[in-house]
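Next up: the structures, one after another.
Look at the two complexes coming up: subunit A is in both, with subunit B in one and subunit C in the other.
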Partner chain A sequence: MTDVTAPTDDLKFVQRIRRDYSPLVIAMVGLFVVIFVAGAVFTDDFLTWFNIKTIIRDAALVGIMAIGLTFVTLSGNFFLLSMKEIAALSIICFATLMGADWNQWGAGEGDPTTSALVMTFSVAFLATMIIATIAGAAQGALIGLGGNPIVVTLGAAGLFFGIGSWWSDNLVVSYRRPHGAEWLGTGSFIGDIPNITVAFIIIAVVAELTLRYTTFGRQVYLVGANRAAGRATGHENFGMAIKCCIIASVCAAFVAVAFSGQVSSAHVNYFSSEFGSSGDMTIMVIAIVMVGGNSIMGGYGSTLRTSLGAIFISTVDNMMVLNGFNSGARVLAVGLMIVFSIIVFALVRRGSRAVE
Partner chain B sequence: MTTLKKALRIVAIAGVASVVSTTAIAQSIVSFNGPAGEAYIGRFIKGIKETAALKGYDIKVFENQFNQAEQDQQVQQVLAAGVLPDVFIWWPSDAVAGLGSLRALAKTGVPVLKINQLPNEQDKQYIFGYAGPDDRLRARNAGYMMREAAAAKKAAGGDGFNVLVLSYPHSYGGYGLSINAFKEAIAGSDLNIIGDVDEGFGQANGYKGAAKAIAAHRDEGIHFVYGMDDAILTGGIKALEEAGYKMGDDVVAVGTVCNGDKQLIEEGKQFGTTLQSPLHEGQLAIKMVEEYLKTGELENYINFTPNPAVTATNMETVALRGFDGKLYGIDELCSGAWGG
Partner chain C sequence: MERIKNWVTENPDLSFAILLAVSVYTFFAITEPLFFTHRTGFAIMERFAVLGLVGLALTLCIIAGEIDLSIGSNAALAAVITVRFTDSLGAVNALLIALAISTIIGIIQGYFIAYLRIRAIVLTVGTLMLLRGVALFAAEEKTVMLTDFRIPDFISTKMLGYFSPASLLVIAMFIIVGLFMTYTRYGREIYAIGGARKEALASGISLKRPMIIVFAISGFCAGLGGVIIGLRSGTAQALGLQYLLLAGTVAAFIGGVSILGGKGGVIGAAIGTLTVNFLNTGLVFNVTPAFMVQLYLGVLLLVVIMFQTGSRVFENRQQRSQILNDVDQRRNIWADKISGIRRSSG
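Entry: the complex of A and B
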């Protein structure tokens, strides 16, 4: 005998959507999905392997930075407004050390040996990460002590940028190929997938697993959602702010190293003028965190959402380029997408609180 | 005692007179421009400061962060201070939005030299001349270089002459001048523009723009790439290499401004570029100021910096004599990863 009253899985899904979300949210998201799918289907060269690789590669650098920043936001410490300045200081440090004399690690005349390249890269990478860690820890400590995150990180931004400018004398710091960072900047170990894309995927997965399945991850949500509850259970924001700011800083430094490896040079302004439609890396990274639907107040969201937010913005931008739109229209579209996402997520969260 | 007082008074009067006379003799310049933190402008500021010092002018430089509102405020501060220089140097962040400030500067009666952005119909009446680069000339020279490369390819039996353009943002004033001059230069040749992408300034945007354009045009074939400046082109070359193109063989790249990566030309990955020296631009500005202060006018209203073509064959020999009399090699003249 057949049970005709049991709904199919599809019906269950539809019913769940109708139960959990308001008609306005369903209509907005539905309209967007229709437009997006139509755009994808009718845009020449959009649904190709090469273009999909391009989209993810495009999202990789800002995406990695945004993943790091998500930890700060989820822990209830707002944003690091110094992301691009940490990257600026890091890229100057890295490029300066990469430009050091190869021969000191054993190479003779001519091209450097592999061991010399590895040693140069290792020293430069390690020094850059140490500087980023100090930069993150210092900001985290000040925030953890009760400093306003906006004021602290704006001040830190000026400090880091100033050090980078002074160190480089405002000049482009370049180093010659071959060098030990090419594998990260332009190389590909897995077929034709750029290593930086692979790094983005690995970082996204590790970050998400860390948040979901480790004690530290749960503490991030706890402190972010309810600082008093966190304190009552022995999880002070002081330590959390330091840890999360270090994660964000190290992600920014990693992006700096990867970008420097790609262009074999560094300048303090690379992250002020060369990324995203707004031309400002920090603004772009914050936009990605917001588009991902992470709560600005902390405690709600995920790095997976952030990663998808980065890919989403990259996808819209890519589709518009393929359709011949110039930069003005693309800036407008990305801005609209951000506003749209914030409205939808706000409606969804308001609805879910009502259900609760 | 009286004699001592008299002597001291004489010394004091002589000292004051000497300061006053020195102040009266040293002519002064105030320059409004972008930030030294930007590599090109940093070299420009070095050029105007060193040359002004050489010529005996006092110079004050007001930097803005590519922000017309900030620059407008700086203008108001200088005017409010009441101590006017002998010449203003005006590099607007936005020539149209900054027209009010330019008018305010001109109303003081102090002559104004506009630099870097060509005069337009609105601001011509407020300036005594222009010194700076010629967007059209450098784009034209890039076009001629590409024609030369295309002709060589054809002579060698090669085919495929599709051109991808990596542009400035289309809203930027230099875009129209550059693309029109480039099109004029390649007109009548086998070269055919198939795409024009304007992701933004700099290497990262050049990379991103090129990556998307490759996705759109790889089926048609991309054989030549024109970068509106070398920084953009450098990013574009990386994207092409990642997509499997062999630069120099599959694709010929030509840029301008020499603010990218010298090693790309050495390695044959970039066919050529055009010289545009910020140091020279700064020196030219002071030269024009000197000419105006001496004669009350400029021999030429428009004064361009030279934009010669630079390729692997002449890279080591290209040099310019600066307006300070010194001979500068290409590493000192160019910016970006050229040594500047």
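Entry: the complex of A and C
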């Protein structure tokens, strides 16, 4: 090994930041940090263990979806406008199978046995994942063939939502407790940390490691950063779009399963409005990907940024709730943050790189 | 006959749209006895007033090679503002304020998109959320309602049999925008930046003017649509009108726009919207639930996209094979020549 890289390692932290990031981005992050610290100091009950747990749990559901979507964004396919509809279809599928008559597995009268619960859950979970995979692959194939991702997923969103409503007759599908999904929805194995938080952390770590250290991860960056170069080296967008869309829809389906486990029921409108934080779930997920600072044109960003974006938005939301703001002000704040970060990142890119 | 044939071969997209519209209309006119009546005609024109505006706005955006995702939020904001201020300021003033705000929002969006040189999807997905927040703020998280529901009756009085002031206004809007797009320099600039942006910029067209015009018209149309919906129903919800985006996109794509930009026109938008309206109205006659309408619209959009993508893939493949053929031919010619030279020399 030569010593070519040695001097850069000796740079001080501040210098390295100044070399790698433009002043605008530093200013924006600084502004966010100032708001954050000010809020933390002046908000009562903010810096408690209970509240921090709440924040991360809030971030978990949208965060997992956003991590899935990050793959699509990084591979240069913008985003899927059908995230919440995939989740809606999955939640209906899961709840219908959980509540079906045939799944008692010989339990007979009284409480079902553990093995019956496990079997029911596995069958429902697998079926949901298969449906999500098919949904993702279909969209990915259309996108990979050259269809515009926005328009394709807009159409697919209508289709999936329609299928979900038609399957459930637009009614709430509910199933009895105890059921096999309770551990995922409300349970906690490690102390008082909810399992969904643990799942969020595991998925975030695995996704980040995949993107950094596997061939597939590097291919995602390559196809996203330079499609022509990708094609020239044998990495067509067709396969990549399918893989990334499958990852995104499986993540959405996982969120649907976890949410259904929490409330023991399902309805197609669960993800449509006023979910968790504020506004529309799909837009919320896209907002997280953007606020995290991933490049929407692809090739630049990471799932770590997405996870931090999820926690950041959830923190701001939590702070505003604690200070008694209504949903309007919260949606407004998130919207301002997105537009602000879009403009800042665009200004930075405008100065640094040749415009397409 | 010969002229019709020529016209069809010249405008395949438009003739396909007309064919689709006529066949959908005929299908429902035959199966539903009430469909082919004066009242249904009026109802279709009333729906056309709103959907047509959104279809027109999205058609213009897609011609310019961009897409405006914030159209539903903008319409909801306009509806909320109109309904909120009708009581204190009167319907006409409230309407004008809402339209002005929507148009200004559109202008700002267009300016930023051109100035920052980002894709419109990126900015409008942010403004989608921002405008929802503003609308929620303006409505104070409630469903706003008029106190006197007779005030906005003027907007749906029947005129000339099939029309109301709203639909006449929208038809006038279509004609004006159509003339603007076809016969003015600014309109042709919009086509230019959509179809061949690099070439357009290289030949000295500024990106700012057409982009601002497109998004101003888009904002105005969204606002007008929201105003009409708000006044007609007398209520407005800040989180409503999300379905406009899907319906408008379907209308635009049936009307023959290409996602690559630079193709399509106002007549196509009108026909596309009418097709969606026929479908909507006909399905209502069959007592179809709203979510099924959404399903059909989604399928329709996917089918149109599949056709477009398929034809593009096919064309690319044909082009490539033609190029390969050319190369092969030239190689053969050269090989012949070289072997001829060798033979003559050897």
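Going forward, the second predicted complex is superposed on the first by the 303 of 356 C-alpha atoms of A that agree within 3 Å, B and C clash if a C-alpha of one lies under 4 Å from a C-alpha of the other, contacts with A are read in each partner's own complex, and residues count from 1 in each chain.
Just so it is clear, contacts are C-beta pairs under 8 Å (C-beta built on N, C-alpha and C of every residue); 3 or more make two chains touch, one makes a residue touch a chain.
Keep in mind that this is a model prediction, so the values were computed, not measured.
Annotation: superposed three-chain arrangement on subunit A; subunit B versus subunit C shows a clash.
Once the two complexes are overlaid on the shared chain, A:G180 sits clear of subunit B and of subunit C alike.
Applying the stated contact rule after C-alpha superposition, one finds that A:V339 touches subunit C and leaves subunit B untouched. With both structures placed on the common chain, the touch criterion links A:S165 to subunit B and to subunit C. In the superposed model, A:L145 makes contact with subunit C only, not with subunit B.
Comparing subunit B with subunit C, more residues of subunit A are touched by C.
With both structures placed on the common chain, the touch criterion links A:D44 to subunit B but leaves subunit C unconnected.
Using the contact criterion defined above for the overlaid structures, shared-chain residue A:P194 touches subunit B, although it does not reach subunit C. Judged by the touch definition given at the top, the superposed model places A:G298 against neither subunit B nor subunit C.
Touch criterion met: A:G328 reaches subunit B and subunit C at once. Touch criterion met: A:Q262 reaches subunit B, while subunit C stays clear of it.
Taking chain A as the common frame, subunit C overlaps subunit B at a single listed stretch, which among 148-156, 166-174, 274-282 or 310-318 is 148-156.
When both complexes are aligned on chain A by C-alpha atoms, subunit A residues 161, 165, 170, 268, 273-274, 279, 326-328 touch subunit B in the first and subunit C in the second. Within the complex formed with subunit B, the residues of subunit A that make contact are 44-45, 48, 50-51, 54, 57-58, 61, 161, 165, 170-172, 174, 176-177, 186, 188, 192, 194, 259, 262-265, 267-270, 273-275, 277, 279, 317-318, 321-322, 326-328. Touching subunit C in their complex are the following residues of subunit A: 78-79, 142, 145-148, 150-152, 154-163, 165-166, 170, 268, 273-274, 279-280, 283-284, 286-287, 290, 296-297, 326-336, 338-339, 342-343, 346-347, 350, 355.
Listing the residues of subunit B that touch subunit A in their complex gives 36-39, 42, 169-171, 197-205, 207-209, 211-216, 218-219, 234-235, 238, 241-244, 261, 263, 267, 335-338, 340.
Within the complex formed with subunit A, the subunit C residues making contact are 67, 69, 112, 116-119, 121-123, 125-134, 136-137, 139-141, 238-239, 242, 245-246, 249-250, 253, 259, 289, 291-292, 294-302, 305-306, 308-310, 312-313.
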